[in-house]
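Sharing a structure here in structure tokens format.
By letter and in written order, the chains are A, B and C; residue numbering begins at 1 in each of them.
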Amino acid sequence: MDQIISNISILKAAPIFNLGLLIDGLLIGSIFALAAYGLALVWGVMNVKNLAQGDFIMIGGYLTWNLSRLGVEPLLGVPIAFVTLWCIGWIIYRAVVSKVIARDLFTSLLATFGIAIVIQQSLNLAFGPDTQSANADLPTWQFANGLITVTSTRLIGFVCAAILATTVILFMKNSRIGQAIRATAQDARAARVLGIDTEKVYAFTFSLNAAICGATGALVAMVWNVQPFMGTTYSIRLFVVVTAAGFGNLPGVIAAGFGMGVFEQFGGFILGAQYQQALIVLLLLIVLTVRQLQQLRERQAVQ
Amino acid sequence: MSDAIIELKGVTKSFGGVVANRDISLSVPRSAITGLIGPNGSGKTTLFNSIVGYHPIDSGSIRFEGREISRMRVQEIARIGMLRTFQTTRIFGKMSCLQNMLISIPHRKAGFLDMFARERGDVAERAEHLLAFVGLYDKRYLRAGSLSFGQQKLLELAMALMNEPTVLLLDEPTAGINPTLINGLIDRLRRANSDFGITLFIIEHNMRAIMNMASLIYCLAHGELLAAGNPDEIQRDQRIIDAYLGAH
Amino acid sequence: MNATSLQPLIFWLLLLVGIAAPLLFPDYSNQLAVLWLMVIFALTWDILGGQMGYNSLGNIFFFGAGMYIAAVVQIGLFYDVGMYTSAGRTTHIVFTHAQYFTGFVLGLAAAGIGSALLALIIGWIVFGLRGPYFAIGTLGVAVAAAELMASWEWVGAASGISLPVFPGEPEFQKLFFYLLLFALAFVLLVFLRWLYATNFGLAVNAIRDDEEKAEAMGLHTRRYKRTALVIAAFFLGIAGAMFGNMIGFIEPRDIAFPTTTFNIFMVLMVLLGGKGTLWGPVVGAVIFHVIKEVTWTYFLGWQFIALGLLIVIIVVYFQQGVVGWLMERYPERFGIRVAPKEKEEPTVRMEIHLAPHSEGAE
């Protein structure tokens, strides 16, 4: 408790720290926002709440880490992971998700949870339980007499996330497939009547999401670290972001992603790193409770 | 002149930017059959939903037996005696007809320990009597979900009667029913009103049916109350004909 | 001869088998005890998930809560808990026979009641959620509990608590805990058989089939939901207390709140055996536990991958479960009557059936 109070007083005494945490939060938040976008996409189009989202990210991360061990520039991990996870996502869709899409929502949730467990344990078996990161050996910049550090890796991560997000969003707005996806999201039956092959749309969307996760994972490996069981934390984190913003509200999801990043930086600083998981789960419960209270005013339940 | 059992004053409800009900005031007389008609999209089901507490209203007052109910939840309103049936006919598909009836007992009377009781003989008897009333006695042990659409509608009506309501709001009770069976349904609704003393407020598209049953009819159009009167007056009202034929 | 007339016979058979088993297979006492724990897990999950339609991924919360409550009571009656947990590993703290058993009995009672009270609070937090939100919300509660317990020094934080040592021979200990878990499972089964035949059974099934309709009929849905959770919590809490003592040592993430093992097993067992039936969870628990015990060692290292694949397979291909499938094939045997496809009156309803996907994802 004393540690917490002293941490808070540090923040009050040196306002410049707050700025540092804010910047860091935004930089990291960009990565969350990207992955949250993917989750919201799958949720909105197929009504599948992908509990394996964080684990897809981990696969991307481990892929990048392995590449960096082989001497490949970690930044290249982004496109490579993107493509690889696209394929993996497509396979998982065909093998599992397509079969549970028409069933009730709990079934699809459980199925993705099963996939999450398989991925976590496979990564653990293959690479061991230690945390790893892909070192990009990029410079760190210091501001304000060393009180604010900005690692260029984080900045690059931010830029990459921004580029990727913009590309995907523009693609969704302007391409034919993007339109097909949006049509299917609004009303799948109507889309089918109009001749859209919704199966293809679903497969595409799921693969796209997996690919986004892959790219995110590459960034995570560079900016942070990866560990086989960290996937769950990411999944919960992203679920909080999407629930808080509302999955149809894409700008809101991105904003909430940034917010999450900032929140975690401050929370982590004040409470200490070991409470990270607890913080995220408590935030989940708070978001769900707030949602319920909101819905209560409309006399509905959180569906 | 019977007193009003339901009184609406200035009820307004909008969803997003769309005003579904605008400033609606009407009263439903006790122990009579009242109709609610209007072209599609005029806000009839929204009005029903507002009355039974399915969603809150933006403004106005809804009184049931003199008591303000616009802030009450669906279960509470159901327990004070106002029930509704659904346009899409909802019953409990995996349970038998008899079980559907047993779960429809008036819950206002149920105390905490009643959760753990098994229904006594007289309740089961009443359930069977009502099933016979709607013509489903032979099918009472069958799984409700396996009944035909028309039969499910009858079951829904029987369940509503089982609940001993004071008022029953029926949303398009004849929709989807084979024309040859509609007379039987109308007859049963009339008897529910005359024998059981239940006030009926009915949304209908079938003009012949509603003109036959109701003594007072309200017409909605574009979310507002367009006209009110007995069947003769309504049939002769040009405004209503225009509204239905879309003269705007 | 149908299922209903067979029931009393099956119960007697179960009682006989349950009591005889540890005497016939003493080496397997522990596995058999865990089997009954699995039955308890499955039956309690089914109250909420199968009978009421509220798929919980956080039932393990009550199991762990009961475990911790019992431990605190058992130790706290005679020693200062904080000092006990910090001294734990270095000094050997002694409990007399009387102390152990008094503490044990009181611990069990406190675990059951405490979990039941927690259920009221948790219910208030989660019952406004439906479907997947309810699942994730309950999962969040369980994970949150694990994390909170792991950072609370008073209960030993991440290191856990060593429980008072069982006074008696190992053979007696195994038999003792086996009989306790079997008794709890049997009582639960008999209790549920009675419960599902009352209004409660009808009501929770109505909530499952169409909660809005149930509300529209004036059903006290909140009352029933809370009661269902309280009942499940009560039995889970006691089971947790028993299991904690059987192991002799409790720890937040892997023993008290194992969110990726027991917590998921309970769902799988019920799906495997048949949701919403009285015997489905029992059948599912037996099949699952037996297969797991037999194959676990063969899958060494790959167990959890196999588990994940099993989840996927069960969820995709075994939706109805064994008993559910039987009920579909032979409905008459179970007292279910389905209307014959008669040449009935044509309806005016039009339905446009398109692609093979069914009505939305709900």
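By our rule, contacts are C-beta pairs under 8 Å (C-beta built on N, C-alpha and C of every residue); 3 or more make two chains touch, one makes a residue touch a chain.
Computed from a predicted model, the values in this text were never measured in an experiment.
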Greatest Cα-centroid separation from subunit C: which chain?
B
Please tell me whether A-C or A-B has the greater number of C-beta pairs in contact.
A-C
Approximately how many whole Å separate the CA-defined centres of subunit B and subunit C?
41
Averaging only over C-alpha atoms, locate the centres of subunit A and subunit C and give their separation in whole Å.
32
Per the C-alpha centroid definition, the whole-Å distance linking subunit A and subunit B comes out as 48
Would you please write down the residue numbers of subunit C that are in contact with two or more other chains?
none
Any chance you could list the residues of subunit B touching two or more other chains?
73-74
Show me the residue ranges of subunit C that touch subunit B in the complex, using the header's touch definition.
195, 197-200, 202-203, 205-206, 208-210, 212-221, 223-224, 227, 276, 336-339, 344-349
Considering only the defined contacts, which subunit B positions touch subunit C in the complex?
52, 73-75, 78-79, 83-84, 86, 90-96, 99, 102-104, 106-108, 110, 112, 114-119, 139, 141-143, 146-151, 159, 163, 176-181
Subunit A - residues contacting subunit C, complex:
46-49, 51, 96, 99-111, 113-122, 125, 188-189, 192-193, 198, 236, 239, 243, 274-275, 277-278, 281-282, 284-285, 288-289, 291-292, 295-296, 301-303
Help me check something: in the complex, which residues belonging to subunit A touch subunit B?
297-300
Footprint of subunit A on subunit B - complex, ascending
53-56, 73-74
